[in-house]
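My questions all concern the structure below.
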Amino acid sequence: MSGNTFGKLFSVTTFGESHGPAIGCVIDGCPPGMTLSEADIQPELDRRKPGTSRHVTQRQEADRVEILSGVYQGVTTGTPIALLIRNEDQRSKDYGNIAESFRPGHADYTYWHKYGVRDSRGGGRSSARLTAPVVGAGAVARKWLREKYGTELMGYMSALGDIAVPFEGWEHVHANPFFAATGDAALLQRMEEAMDQLRRDGDSIGARIDVVARGVPVGLGQPIYDKLDADIAYAMMGINAVKGVEIGAGFASVAQRGSEHGDELTLEGFVGNHAGGVLGGISTGQDITVSLAIKPTSSIRVPRRSIDKAGNPATVETFGRHDPCVGIRATPIAEAMLALVLIDHALMNRAQCGDVQVATPKLK
Amino acid sequence: MSGNTFGKLFSVTTFGESHGPAIGCVIDGCPPGMTLSEADIQPELDRRKPGTSRHVTQRQEADRVEILSGVYQGVTTGTPIALLIRNEDQRSKDYGNIAESFRPGHADYTYWHKYGVRDSRGGGRSSARLTAPVVGAGAVARKWLREKYGTELMGYMSALGDIAVPFEGWEHVHANPFFAATGDAALLQRMEEAMDQLRRDGDSIGARIDVVARGVPVGLGQPIYDKLDADIAYAMMGINAVKGVEIGAGFASVAQRGSEHGDELTLEGFVGNHAGGVLGGISTGQDITVSLAIKPTSSIRVPRRSIDKAGNPATVETFGRHDPCVGIRATPIAEAMLALVLIDHALMNRAQCGDVQVATPKLK
Amino acid sequence: MSGNTFGKLFSVTTFGESHGPAIGCVIDGCPPGMTLSEADIQPELDRRKPGTSRHVTQRQEADRVEILSGVYQGVTTGTPIALLIRNEDQRSKDYGNIAESFRPGHADYTYWHKYGVRDSRGGGRSSARLTAPVVGAGAVARKWLREKYGTELMGYMSALGDIAVPFEGWEHVHANPFFAATGDAALLQRMEEAMDQLRRDGDSIGARIDVVARGVPVGLGQPIYDKLDADIAYAMMGINAVKGVEIGAGFASVAQRGSEHGDELTLEGFVGNHAGGVLGGISTGQDITVSLAIKPTSSIRVPRRSIDKAGNPATVETFGRHDPCVGIRATPIAEAMLALVLIDHALMNRAQCGDVQVATPKLK
Amino acid sequence: MSGNTFGKLFSVTTFGESHGPAIGCVIDGCPPGMTLSEADIQPELDRRKPGTSRHVTQRQEADRVEILSGVYQGVTTGTPIALLIRNEDQRSKDYGNIAESFRPGHADYTYWHKYGVRDSRGGGRSSARLTAPVVGAGAVARKWLREKYGTELMGYMSALGDIAVPFEGWEHVHANPFFAATGDAALLQRMEEAMDQLRRDGDSIGARIDVVARGVPVGLGQPIYDKLDADIAYAMMGINAVKGVEIGAGFASVAQRGSEHGDELTLEGFVGNHAGGVLGGISTGQDITVSLAIKPTSSIRVPRRSIDKAGNPATVETFGRHDPCVGIRATPIAEAMLALVLIDHALMNRAQCGDVQVATPKLK
C-alpha cells in the first residue's frame, strides 16, 4: 500500500529506477485462458520507447520485455504475470551535477526531504522511464478488453504548447512523431520547427493529450469514491508531469447550463456526450473521453536558481538526454492507464453483478 | 472494495440513500488521544447543509450528527468512529415521475443498467446528500491535521457559470451565500440575479471551485500511482458533478515553457507555485492548490427528451427541490475531501518514515 | 485499513463499543437484486444473543437490528447495507473496579499500552458483544450463498472443557443450550452440572467448536497468501478468545503418512476428506471443515494478581455479567465468519473466472 | 487483490512458477535508510534451499537472489525492492505423468477446475518453491525489526510424524538437518532412520513446527479482524501444507479454566504466557509463540487412485524430486512469515500512534 500498486482486481505493482539493473511489474489478477506472449506487449512498448525521433530523448533503450511467469504454453494461467525490462543505456555520469542540488520543478527536492536518501541517477524512481512497465501491463489489459468486450483505446496530442492540433482522424496519429490526429502538413511542419527551436533554446514545453475508450460496457464504476471517472482522474494525474484532467466537457461545463450539458436520450441512444461516457460515476456505454494537461519537462539546459543539499544557493543546468516535450510520448501511456482502469472496473463489475449481466448488450 | 471506502489508513466508509432512514459513515484509523465531540463536526455540516439561502435546495434537514462510537470521555480511542445523520424531510412523492424514466445527465440510466434495481427517491445513493457524511469525516480529519501540523483547508467559488469571481481575500468567503472570496457588492448582486433568473427558467449552471491547503508537511505522497496529486484528483473527481481537476497551474501548463513553469528555489523558499505544492507526487510544503469544474445540476424543470425503462420515448421535467447550482455547496465538500487525502498521506508517511521525521520542519 | 473491515469484495466494517450508544456494521459489496429484510437477519442474532440460558451472560439485550440503507422495496440495491443495533442494558458501573487495573488474560493491558486511552466499560471494543454485527452481516452472506449455490453453514460444540461431545446429528444442535450435536441426555446433564459448578466457583472454561460449510463451489480461493484456508484461519483466529484453528485433519496431520492423508479420487468423488475441503488453498467442492479452540473467559470472580495503571500491585475480581464459557455462544459466530470468507471468495472467483464458470457444476 | 500480495504497509507481491524462467517478489513499503545488500538475504535463502541433506528434495538450485531495485549505494530508498531468483534445475519431463491426472492431496485438481488451465511442471505456482521469495522478503523484514526493536525470530521442529522432539535449546537447531532443538543423539538418529525408511517406502510424513518472536514491542495488532494473532494465523495457514495453527496454549486452552489460563501480572511482568504474547489481538511484549501442523507431502511414489482430466479412473505415482517431509524446510519459512506479519503491524502501529510511542519501552 506504499503506492506502487495500481488497481484492486487487476493489480499492477511496478518496481525499478531509471539507472538500476532493471524495471518491471507484476500483474496480479489477469483472468486465465487468454493467449499471451511478448509479441502482444512489445509493440506497445515500442510506441512509447525513447529515441524514435529527434524530438524525444536520445537515450537508446530496446525496452525488450520478458514475461517471467503467469503464462504457460502461450496462455495466461490466472497467476501473476511478471514483466521484466533490463536497463541498458545508463549514462549515470550525466547526472553527477544534479546529485547535490534540486532541479526546479522536479521531484529532487521532495524525494530528498521525504526519504532522506535519493537515487539521483536519471531521476531514479521519478523518471518517466517508469511508465514503460505500465505500458506493458496496459497491453495485457487492452488485449483482454478487446477480446472480451471489443473495447479499443486511442489517444492523440491535441495541443503542443500554444499550438492547437485539431482532430481530423485516427488514421493520422501514427503518421507523424507527435501522435497528432492531423494530416495538415503545414501544421505538422510548424510543430517540428517549434520543437527544433526549443532544443536550440535548451527549454521545454507542455502539451495536451486526449484519450478515448470505445466499446466500453455499460455499468462500469461505483456510485461513491471509486467512480469510474474518479479512478480515471487518479490514473491520469498519476502520470508523470500531468497537472490537469478533464472528463467529457471538463472545465467547459462551468459555463454550461443544465439544459445544454445534460445529454438527452432517444431510442437511437444519447444525443451528444458532454458526460464523456460517465454518469454518476458509472459508464454509459458511450465513448469515454479524457483530456490531460502535461507540464513542460523540468530538466532543461536553461540555467535556473536553486539550492543544494547543504542549503547553499546553486545554479542548475541539466545536460542529460531529456524529452523537450514529455507530452509527446504520453499518448500511449495515457491509453495504457485508461485500459488499466477499465479492466479493473470490468472485473469488479462482474464480481458484483455476474458475468452474464456485464456481457449483455445495453441500449446503444 | 466496492468503492464506498475512502482512504487506506484514515478510512471513511459511507452508507445511506437520500430518502432512506439515515446516512452516515464509519471512520477507521483516527489516531487515539484527540478530543472530539459533535461540536467539532456540526459546524462543518452546517456550512454544507441545504436550505441556508434561496439559491440552494429548500429541503429542510437539520443534518444533526451523532457520534455512535470511537470516543470515550471526549477523547478518540483509536477505534472506529461512526457518525449517524437521520434523514428527516423525505418527500419521496416528489420523485414518482422520475422513477420510470431517466433524467438526462443523471445517474438514473447507469444505475438502472448496472444494478437492475434503483432507489429512485431523491436520486438514492447518487444524491449530493451523500456528501454530508464526508463533510463530517472531513471535520475529524481537519481537527487532527490542525492540531498536529497546523494545516488549514480553505476554499472559494472562482466562477459561477460565465461570471468569473476574483479572489480578494478569505474574509469574504463566509459573508455571502456563494463562498465567493470577494467583497464586490456589484459582482455579488450580479451573481444573485443570475441565480434568480436560473430559478425562473427552471434551469441550472456550472461553477468553478478553488481549494487551498496551507501548512502541509513536506513529504506527503508516493512516487508512483498514489501520488498526492493523483489521490487529490481521485478525491475531487469523485465529488458529485465534478468534470475536471487541476493542480497548481493546471491546464495553463500546456502553453508554458519549462523555464517559466518550474518554480525556482532560493534560501527563502520557492519562487512561485506553478506546481500547486506537489512535485513528483510528493508535497513540497507550499500551499496545495486545486481547482474543480462542476457541471450544472441535471435535475431541471426544462423539459428534456429521454426514454423510459420500458424503452419508450419520454419527456422528463424534474420538480423536486434541487440546487440550481450544485457548485455553491461544493466548497466545504472539496475542503473535506482534501483533508481526507492529506490525513491519509500523513499517516502513511509516518508509517514509512516515522513520526519524528514528519514533524521536523523543512526548508521554508 | 486499521483492521475493522473484513473482506475485500463483500466488505464488512464494524463499529461500536460494549457500552456506547450503538454497535453495527456497514456491508459494502452485497450483490444487487436479493430480497432482504430484518427478518432475514434477526434470527441469526437471536441465536447469538445473551440471556438465552442460565449458562451465558445475563445481560439483557434485544439485539434488534435495523437496516439503514442498501435495501429498496425489499431488495438489495448494490449499495452499502448499514446495520444498526442499539445498546440497551449498559450497567457501566459494574466495570468501575476494572477501569484502573488490568484483568489477567484480557485486552485491558494491551489496549492501554497501545492507545494510551481505553473505554473500560464492559471491555469497550474488545467485548464479545462486537460479534453481533458480524453475525448480522453473516446472515446476509448466508442468504446469498444459499440462494446462489445452495451453500449451508452449520456448527456445533465438540468439547466443553475436558468433556468431549461427539457429533451425533445436526438435529440435536438447537435442542440444548450448548449447540451440542448430541441427544445423549446424560452427557448434556453432565455439561449442565459442569457449568453450574463453574458459576459457583466464579471460574470459566474453554471449548472446542466445529464448523462445516456444505455445498461450496469448486474453485474458491487463491494459490498464494489469500488461500481459502488462510482466510478461514484469519477469520476464526479473529473471533474473541480463539487460540487455535484447524482445517480438515488439522494437527492430526502431523502423525499421518502421505498415503493416509491424501484423499484419493474416484469417479464417485473424493474418498475421505482429510483436506477439509481445501487443496492448494482452493475449495474442492467437498465439505469445508474447521475446528476452533476457544480459551476460557478472562473475566472471572476468582481473585487474581495484577497491576494497576499507576504500576502498583493489584488484585482483580470481576463482578460483571460474563459468560463462564464464551465458547457456548461462539458457534453462530464461527458460522457467520465462515460465510463471510466464502462469499468474499465467491465474488473474487467470479471476478477472475466469470459467473458462468463458477456456476457450472464440477465433479461430484 | 488476487491474493499474491502479503501485507498492507510492508507489502510483498510474489510471482513465478516452479519451472518457469524465474521466481521473485516485489517488496513495497520498506522504510528508507536501512543498509541492505544481497548478503543480508542470501543466508536465509540458503537455510531454506533444497538439496542440503538427503532428507529433502535433491533438486539443485543455488537460489541466488538479485536485488533489482529500491537500494542505492547500499541503502534502501523507500521505493519497491524487487528480488529475482532464476530457476536453474528444471526437469520438467519428470512431471509428464502428472499433467493429465490429479495427485491425491494436491492442488492439481482445484487449479484445474478453477482456472481451466494448469502449469503442471513441478506443481507450477503451488510448488513449495514459491516460498523462496517469501523467505527473501522475510530477511529484509527481520533486518528492520532487529535494528529497530531488537526483535528476533526463531523456530524449530517439535514433532516429526509421531516422534515428539522436545525443546532443549536454540543452540541445537542448526546442528542437525531437521531444525530440531535437541542435542539428543539417539533421538536424532531415530529421526534419520524414520526418514530413510520413508524414502524407501516412497511415502511421506507430517511435522509440527514451533516459532517464537522475541523482543516484540507492546501494542502491535488491531482490536477486531486484523488482530495480530488473526494475521499470524492467516500467514501460517497460507504456507504450503499447513493444516493447523495455534497461538500460545492453543488447543490446550479448551480444557483450561480461566483461573489457570489467564496470565497474571506482577511488577516483574507476566507470570506465564498461555496467551502466546497476544491479548485482545494486540501484542503484550512477551514472546509470541506459534505452532503449526504440516501435513505429509502429497507427491509420493506409493500408487494411489485418482481420475484424469478426461474423467477416467487413473493410478498416480509421483517420481519427481520431492521432500518426503515438507515440514523440514518449513522452519525458516514460518519465521519469515512471522517477520512479515510483525513488520506490517509495526508500521501500522506507528501510523496510528506515532513513532515515539512505539519506541517507548513498556512494562517488563
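So that you can tell them apart, the chains are marked A, B, C and D in the order they are listed, and the count of residues begins at 1 in each.
Convention: a residue touches a chain if its C-beta (ideal position, glycine included) is under 8 Å from a C-beta of that chain, and two chains touch if they have at least 3 such contacts.
In this text the structure is predicted, and so the values were computed from the model without any measurement.
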Per mean C-alpha coordinates, the chain lying farthest from subunit A is C
Chain pair showing more contacts of the two, A-D and A-C:
A-D
Distance from the CA centroid of subunit A to that of subunit C, rounded to the nearest Å?
45
Euclidean distance of C-alpha centroids - subunit A vs subunit D, Å
38
Which residues belonging to subunit D are in contact with no fewer than two other chains?
1-5, 8-9, 14, 29, 32, 78-79, 114-116, 125, 223, 348, 352-353
The subunit C residues in contact with subunit A across the complex are 1, 8-9, 29, 31-32, 78-79, 223, 347-348, 350-356
Could you pull out which subunit C residues touch subunit B in their complex?
1-5, 8-9, 11, 13-17, 20-24, 26, 28-29, 32-33, 66, 68-70, 72, 75-82, 84, 114-119, 121, 124-125
In their complex, what parts of subunit B are in touch with subunit A?
1-6, 8, 14, 102-111, 113-116, 125-126, 130, 159, 161-162, 198, 203-208, 218-219, 221-227, 229-238, 243-267, 271, 274-276, 278-285, 293-300, 302, 304-307, 311, 313, 348-349, 352-353, 357, 362-363
